[in-house]
Amino acid sequence: MWKTIEAAGIAAILAATAGAAAAQTVRMGTEGAYPPYNFINDKGEIDGFEREMGDEACKRAGLDCVWVKNDWDSIIPNLVSGNYDTIIAGMSITDERDEVIDFTDPYIPPSPSAYVALAGQDVDLSGGVIAAQTSTIQAGHIAETGATLVEFATPDETIAAVRNGEADAVLADKDYLEPIVNESGGELVFVGGDVPLGGGIGMGLRESDGELRAKFNAVIAEMKADGTLNAMLAKWFTENTPKW
Amino acid sequence: MSCAEALQAYGLRAIGIGERLLPRSEITLCEQVVLIGSGMIWNLYFAGLALLLGFGFAVLLALGKASASPLAALPAQGFVYFFRGTPLFIQFFFAYESFVLLPKVGVTLDLGFVVMNAETGWLTRAWLGALIVLFLNTSAYTAEIFHGALRAVPRGELEAADSVGMTGFRKFRRIVFPTMLRLAWPSYTNEAIFLFHATALVFFSSFPAWRQQGDALYYAAYFAEATFNPFVAYPIVAAYFVAGTVLLILAFGLVGARLNRHLPREARAKFRFRPQFIR
Amino acid sequence: MIGDCSDPAALEGAAWMLCYLTTPKHMNFYWSFLTVLGLLAVTVPFIMAFGLAGAFAKRARLAPVRWLGALYTTMVRGVPDIVFFLFVPIALDQGIEYLRHRVLCPDMVGPVWVGNDFVVCPAAKAPLSTASAFVHDLYGFALAVVAYAIVFGAFAANVIDGALRAVPKGQVEAAEAVGMSPGQIRRRIVLPQMWVYALPGLSNLWMILVKATPLLFLLGIEDIVYWARELGGMKTQAFDYPHPDWRLWYFGALMIFYLLLTWVSQIGFERLTARASRGMAGAR
């Protein structure tokens, strides 16, 4: 009996030294407030496209994944200070972010952002008051146009601001806005055209974590090739969402 | 960007003057110091106006609380109890969520000499909405302090006033009010410090920042996020607040000295940075 | 009892509401009220410890200790608590991990800061990344407790310092006259009486502490404010119980909770004061 235990122990040590063949624990940081990408379901668990996709990716990469919630505005600082190992929170790949963290290859193709406003209103998108979530690419985009930017901490509040007339329109990922517009019963409509922003959505990792990045890249490529990702995109998003 | 350039671009950024875009990459120390400093404009604005307006309202509330008539006492007590019994942080959330539900209408105020157009939508903006919350909040705390001081006004002084035939408002203005203020001043100084510090909550609670115009902590948080380093921006904002607090204590000390000028030195109610905070 | 909640879409009215209010997510919300009370219970001893240490440091014979005490108490009073709450947990976390890194992984010589990244060896992570979610929550909670203890300890130090001064000099002199040592005087004369003088200030401090608990939300702890925002926000059909923006109601509930908490505290402190000042002539 003791021999098997010892053997197992030695095997574990060998495996660990040989490059962590034993399941490595990876902490996945997400916001949990951006349906359908990620949200807290009524059971109080993290749910959504990214939960399903992340779990599948971890399974294929042989990683032991744990989900962690973190507010959006501190999600990058907490990654670099090591509170978790990945950001998987609908984060668009941008040059600015790429300077401080690394991204995997995108798992959602570049998908447009869009403006949403109350129906029947004439909105001046380049001079009006536009809501966006703090430190998103959309907020950065509005700051560069002539419009007045109003920032909110959560995506939810940006929609509320349009509903109550505080902001003329909201700029966010179209995939996030689409279910909200569809369910608003004609109260909210898309205005203006789509705005292409960002280089797709990928997982954020510390720049020093090249090994983990390579693992996830391999799995993402595999999931693109065998159609798993497309099936998940179709399940969680609308038919307009670009696929691989 | 040199320091002079940073000062020009961001010195008044918090009130919308200067560079439109916030610094994004290669952020220098100067930019952080200047921009966070410009955010202090808002902290001073909120603290200054809320204290000024709150002072007057607090005197009324304290008198109401001390009044023999339940018609005056009960509402004043209820008001003070409510605002002292709930956290300011939640008050901000609650007020904001209530303000956004108000119908958006414009009101024209004819003040005789000037006609003003007011909008209910302004209530959802920090400059008015948060100011109102801070004003009500500090009124409640200050009223409690004044109420305590009111009860501590020496009976002898009141009897002396009666004996020379002073009554009503005259007695209040010349005897009760000055003594109340003198007794309350040390605690009131502490309340002012608390309120000044509480202004840092404005943009951290529900009130959104417009055109990226926020207070000192808003910009500190921006920099902490943009540079991924909290060890520079937060100490800067802390230093600004320490400086502000010191100035506030000095200013209140001058007023306190004036309130006590008639008393022998050892009888003066001294401001202690210590135990007297009532909150 | 609670009816069948397996198909929320088919429910209406009171049944829907009952099922809605008993979702596991709402249970998290109810639990978070205990988190707040738990934080209060756990922090108070730490605050008192910091307070006593600060107060005695301010009165120490050694000048540097005295300066340190004065610096600590005035420093914290000059800076808004929220700034400390944003700063202390991060600084503490990285400090702990840095020390563990130096001790546990002495063979890694590279710098801890790699570009923007704060990198320590896996063994130095606090807590270990393999630790359960519960341990992580506990660690975050502990950091919050320390942050609160530092800030409110400074307030308590001021209160205790004032109370120590308020103990009548004659009593200390009398104790000296009967030959008590300084330690004995402190234990038998000063400390027991100090509490009576400190009680008004401490009850005040408790009220301030109670009203500072919503700031837990800023420390990344899933407290009542977090859940009120999360539950109250508009819910689309992706959720089992879609509803419009209900945050006003949830914040209203929080208001009532705090009103009750301060009301109960007030009664408690009135009783305590009455008890503590027994046998003291003219004590407030």
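Order as written gives the chain letters A, B and C; numbering starts at 1 within each chain.
In this section, a residue touches a chain if its C-beta (ideal position, glycine included) is under 8 Å from a C-beta of that chain, and two chains touch if they have at least 3 such contacts.
Computed from a predicted structure; not experimentally measured.
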item	value
Chain contact graph, described as a line, ring, star, complete graph or other shape	complete
Per Cα centroids, the chain farthest from chain B	A
Innermost chain, where centres are averages of C-alpha coordinates	C
Which of A-C and A-B has more C-beta contact pairs	A-C
Mean-CA-position distance for chain C and chain B (Å)	25
Averaged-CA centre spacing for the pair chain B and chain A, given as whole angstrom	40
Separation of mean Cα positions, chain C and chain A [Å, integer]	33
Residue numbers of chain A (touch at least two other chains)	74, 77, 80, 100, 157, 160
Shared interface positions of chain B, touching two or more other chains	101, 221, 224, 228, 230
Chain C residues counted as touching two or more neighbouring chains	90, 116
Interface residues, chain B side, partner chain A - complex	20-22, 24-25, 100-101, 104, 121, 124, 206, 208-212, 221, 224-225, 228, 230
Residue ranges of chain C touching chain B (in the complex, touch as defined)	73-75, 77-83, 86-87, 90-91, 116, 155, 158-159, 161-163, 201, 204, 207-208, 210-215, 218, 225, 247-248, 251-252, 254-255, 258-259, 262-263
Of chain B, residues touching chain C in the complex	81-82, 84-91, 93-94, 97-98, 101, 193, 197-198, 200-201, 204, 217, 220-221, 224, 228-231, 234-235, 237-238, 241-242, 245-246, 272-279
Chain A-facing residues of chain C, complex	8, 23-25, 27-28, 90, 93-94, 97, 114-120, 125, 129-130, 133, 136, 220, 222, 229-230, 233-234, 236-242, 245
For the chain A and chain B complex, residues of the former touching the latter	73-74, 76-77, 80, 96, 99-100, 129, 131, 135, 143-144, 148-152, 157, 160-161, 164-166
